[in-house]
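In structure tokens below, several structures.
Both complexes shown next keep chain A, but they swap its partner, so chain B is in the first and chain C is in the second.
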Partner chain A sequence: MTTARRRAARETLVAWAFLLPALLAFAYFKFLPMLKGIQFSFYKVNFGGENTWVGWNNFRTVLGDPAFRLAIWHTVVNGIAVAVISAAIALVVALALQGGTRSVHFVRSAIFLPAVTSVAIVAEIFKLLYYPSAQGPLNMLLGYVGIAPQPFFSSPDTALASLIGMQVWKAVPYDTAIFIAGLATINRDLYDAANVDGASPWQRFMNVTLPGLAPTLTIILTLAIIRGFRVFTEVYTTTGGGPGGATDVVMTRIYKLGFETFDYGLASAASTLMFIVTAVLTSLYLLRTWKKT
Partner chain B sequence: MTVTQGSSPQDSGPHVQRRQRVRAGAVWATVSRWVIYALLLFIFIAPFWGVLMGALSVKAVRAGQMALLPNGLTLSNFMQSWETSAPYFLNSVLVAGAALALQVTVSTLAAYALARKKFVGAAIVSLLILSTLMLPEEVIAIPLFLVLRDLPLIHLKLTDNLWGMILPLAGWAFSIFVLTEFMRGIPVELEEAARVDGAGDIVIFTRIILPLVRPALGTVTVFGFIMIWDQYLLPLIVTNNQKLYTLPVMLAQLKADELSLPNVFLATTFLALLPSMIVYYALQRYFSAGLLSGAVKG
Partner chain C sequence: MKRSQLPSARAAALLSLALAGTAFAQTAPLKVWTRSNGPAQDTYLAIGKAYQAKTGQAVEFTFAFSDFEQRLARAIASGDLPDVVVNDTAQLGNLLGLGVLAQVDRNKVAGNKDIVDRAWKSAQGLDGKYYGVPSSTQVFELFIRKDWRTKLRLPLPRTWEDVTRMAQAFTTKDPDGNGKNDTYGFIIPGSTTRGYASWFVSSFIWQAGGDFVQPAANGTFKATLDTPQVATALKYVRSFICNKTAQPNAINAVTADATPGFYTGQAGMYFTGPYNIGLFDKELGKDKYDVVAFPKGPANADALAEGENSYIMKASKQPQNALAFAAFLASPEGQKIGMTFNQDGQVIRLPINRKVDAAAVRGGDARWKTVQALYNKSGHAVPNVPNWAPIRALTGDGFNRILARCDSNVEQELSALNTQLKAELTTQKVLAK
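On to the complex of A and B.
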């Protein structure tokens, strides 16, 4: 009895020892900032001096700021557009790249490159592709099909759409890979049965493929939308939120509040709001998957 | 017997027609398949190709132009780029190397405890770690900066310091999650046999578990590297000192500086994307394994 208990105590001790580095890392760089962020939301942060308690004022200021509200709107539009458009394109690409021949494998792994390229570098590449003169690479291609040169990032009318296009380009390869994995899990017998029943390719797609991919589609869309809310580097390195605030998103506002106007209290309050939204969306998603299993 | 069969032997007429139609259909399918492949490769690979070709060109590409073939072949753009970008490249490599080593070590140790030990608090620890999977780093960027300025309790200053870009990457729930799942699959008998022989936890961890989880270590190394090389906001908030900039942060500054030649800039861009490209194409077999677990990462 005592030896058993001593052994259990030893096991616990060993386990915590192995966990210690991870716990320290998470405590210092994840949980502590999270708690500090909530705390700072209620203060005016003064470096060197004492922080002053301001109650809910920071939250009121943030939510009352038209620029911030516009940024929230852009963030939502951008997040949903990128998620939906990339998933739709990726589904088509995945159907075209099914199967196990050598050429398919080659194409599949080659086109994955955008997914592993850093966002900051993708941004540099797109600043080149989107060069607004008629000689810019993309404008030249558009010229071949008779479309007038576009200003892309340099006009408030096209900047957000251009940003969405860039993110779709990076997201499609990733979504495609997930879809291909999802397609492989669909029971082959269902296709055979559909063939026996004389189903057309379209009917097969609507009645076998799409229902079979539903779980994959849910995962891809939900995660893409949740991730979309934190969009920062994509915007900061291309338009910086401009021109004239046309592509300002929540994170670029927060960055400006923090590192340009040095109002860390206000920036923390905005971060806390974003944290709450993310947490709620995530819990809803987890609750759904958990209920299903 | 009738005119439609014409000169063909009477028993094979319709068959030949059908066979021809099938063959034409197959040719059509093959052609359209290759057109789709070419289109996909063009859309997703041509931009990288354009960067490389511009970087290799002798004749300066004009701003905003990309070449599909180099204008005379040279490495001088890379050499010129290296003169200015070498210190930033070195910073990036230092940060990536140290952060990756730390991240993989910390994750492996934690996974061993979570997968192989029954202990008080195991459930709550797993839950806490898993919860950070969905916590975007961006959300805590501002308070993280304030914490890094003066680490509570130990009063360490990590801003304006490469450690500030390294240490926050030590804990990554994704790699802990992948390694834990993998370690759960190792039979207990192996461990018990070693224990009977008097082996302690350190011996079991290093001699039995580590060699067996090598494929999963490959997966978390590849994904960890890609994640770390992608870091932008963290190095941006940690320092204002240009000497400490990583390559991606420097890239944006270079562009703002109109003095640099377009070809040289393209060379720098290519240098910055080369490491993740090499890691991906060289270690691809570890990639697919992590991709599906990757679907749940935050």
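On to the complex of A and C.
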């Protein structure tokens, strides 16, 4: 072995040694429970006695349950809507806030606050804002422009949209921050060139800014959709999946199976399905970025 | 009691062992879990102290409230259960199904003859064996803002329709006199979470003459949600939401959202358990509200009766001591501390011990006489199926769906729900042929 190769090997070894404590912790607290969960998926779980092997039954029950299928649909709609709407708004906000004047710095910090506020607090605030009578703050505002009080979380017709609205409010600042970073990486020369060619602001945006932001946009959308599939606290603390199942998502169903009816087998099967979906999505994303580099 | 008190507890235990030569060989503190909030936690700590004074053994409590089930589930999964879990009677089937409960020999519980039979029944599995020691019972009653009622010159309601009219009046006639249209009639916790919708609607189903299931031959059950009586009950409850006489967020409300609505003046009627008496006395004042039976429905005045049991965990290394603690909680001494130590943290509501009187212990409080009489006459427990929890979750979702849409066909929805209920009874292997 050459010295260089030996050094490289030693460096790899050192790197792994540094990683080892974290890996051990992850293995014990994350990977082992995950494997246990996958194992539970195939059993009727009885903690005080013997577990009963039920094969694929739990998976069949989960996928055959209309409430669960509806929850999957809500999860997809919610995930995509939140991702797309917040990215669109964030892009506009980022364009307005790029640059480096002092006032912009202040606004940038201020609007980031929702992103670091705990979901439970955001939920309580929105329950108040959305108060479904004429006395509710949002309904009062709507009243000024002649719109009748809206039920928001209280009606099956508006609950999911209201929930999406709440999540968009929280997600926009995060997306904005990434967009601002993305905008800073676009080569200024391209703008100058476009100006010389007499491009209008819209043409500059379409032909310089947007293509330049493509990688950022991919990151934002993919991460948001993956995050969207795991939505739970936002729903549990506001509607609990109601009214009439209108905001039931996969995670609220899993919670009910696991912690209200204590059916660990079914809950594990549902979680395993969820794991497979997010794993596939994440792998596709990683594959894409890996291919590019 | 904290761990820091352990040495003295040990010393006391050893001392009592030496003096009396009694059986408390295990001196590790007894681990007890309860589902209680702040003030109730203080009461349990006082009970633990009294128990320690008596037996020499310290009690180490773990308290949780909104995430109690979640923590319990985690403990069950990791095999790290306490010695005793004080929890709802309706959880019996659930815990039994998980195989974590130890069987209790009723005759070996100290003072077992003083515990009323009806309470023992709620600690009994379908196999007739006992899996817990009763600690407390309660029944739903109607709380009405007396000051609002007097201002609008309304008598106490005597029929379902009277309640509807009173809710209407509380909503439209400005009972708090603030000149704003901001009051409501009836508080409903209608959320699907923890099956609240099912829990709340159950009394109305019985009052209308219906039920979730009917017992059939050989311990089996018929699903009976598709009856006109059940439809009547749901239409009645839904009318408050659709007439907008229920509080605006009723459909998503859990009790933690709903309860403050009564004492903050959002709405004037609340159908709930007597555990709120202490809270309402403190926040609202004794003279500001009535405690009465919910007026008779089409069939009767039945109201949801619930309770709590001390469940002994199978994995406990000191089952004798666990049982001794359960017996202490059920004894006149334990019951009295639980009822009186803390005004707004009464962990014992109606005593399960016949030597204790609910009203007398509380200084002759007439409201507790009402509650006790109501329990004796109209208390109605949930059906004795193997496991009630999945049925409560299922009907909680289903009832919430019905309450959420004023134009939905109640009969059709109930028929669909009944099919789901049959499937659940099949899973529990008790569906009548």
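In this section, the second predicted complex is superposed on the first by the 271 of 293 C-alpha atoms of A that agree within 3 Å, B and C clash if a C-alpha of one lies under 4 Å from a C-alpha of the other, contacts with A are read in each partner's own complex, and residues count from 1 in each chain.
Please note the rule applied: a contact is a pair of C-beta atoms (placed from the backbone, for glycine too) under 8 Å apart; a residue touches a chain by one contact, two chains touch by 3 or more.
Here the structure is a predicted model, which means the values were calculated and not measured.
J.: One more residue to check, A:A246. First (chain B), second (chain C), both or neither?
T.: Once the two structures are laid over each other on A, A:A246 reaches chain C alone.
J.: After the superposition on A, what does A:F153 contact: first (chain B), second (chain C), both or neither?
T.: second
J.: Of the two partner chains, chain B (first) and chain C (second), which one does A:L95 touch, if any: first, second, both, or neither?
T.: neither
J.: Just checking: does A:L63 make contact with chain B only, chain C only, both, or neither of them? Give me first, second, both or neither.
T.: In the superposition, A:L63 contacts neither chain B nor chain C.
J.: Check the residue A:S133 against both partner chains and state whether it touches chain B (first), chain C (second), both, or neither.
T.: Both chain B and chain C are touched by A:S133.
J.: After lining up the shared chain so the two structures overlap, which partner does A:D263 touch, if you call chain B first and chain C second: first, second, both or neither?
T.: A:D263 contacts chain C only, not chain B.
J.: More residues of chain A in touch with chain C or with chain B?
T.: B
J.: Who does A:A181 touch here: chain B (first), chain C (second), both, or neither?
T.: Touch partner of A:A181: chain B, not chain C.
J.: For A:V84 in the superposed arrangement: first (chain B), second (chain C), both or neither?
T.: neither
J.: Have a look at where A:A161 lands relative to chain B and chain C in the superposition and call it first, second, both or neither.
T.: After superposition on chain A, A:A161 lies in contact with neither partner.
J.: Jot down the residues of chain A that show up as touching in both complexes, chain B in one and chain C in the other.
T.: 127, 131-133, 135-136, 236, 258-259, 264
J.: Mind pulling up the chain A residues that touch chain C in the complex?
T.: Within the complex, chain A touches chain C at residues 46-49, 67, 127, 131-136, 153-156, 236, 238-246, 256, 258-264.
J.: Applying the document's contact rule, which stretches of chain A touch chain B when the two form their complex?
T.: Residues 8, 11-12, 14-16, 18-19, 21-23, 25-26, 28-34, 36-37, 40, 45, 93, 96-97, 103, 107, 109-114, 116-121, 123-129, 131-133, 135-137, 169, 172-173, 177-178, 181, 219-220, 223, 226-227, 229-230, 232-233, 236-237, 251, 254-255, 258-259, 264, 267-268, 271, 274-275, 278-279, 282.
J.: If we count contacts the way the header does, which residues on chain C are in touch with chain A in the complex?
T.: Against chain A, the touching part of chain C is residues 69-70, 73, 76-77, 79, 94, 97-101, 180-182, 190-195, 248-252, 254, 314-315, 389-390, 393, 397, 400-405.
J.: So in the complex, the part of chain B that touches chain A is made up of which residues?
T.: Residues 33, 36-37, 40-41, 43-45, 47-48, 50-51, 62-66, 105-107, 109-110, 112-114, 117-122, 125, 128-129, 132, 134-147, 151-152, 167-168, 170-171, 176, 201, 205, 226, 229-230, 232-233, 237, 248-249, 251-252, 255, 266, 269, 272-273, 276-277, 279-281, 284, 288, 291-292, 295-296, 298.
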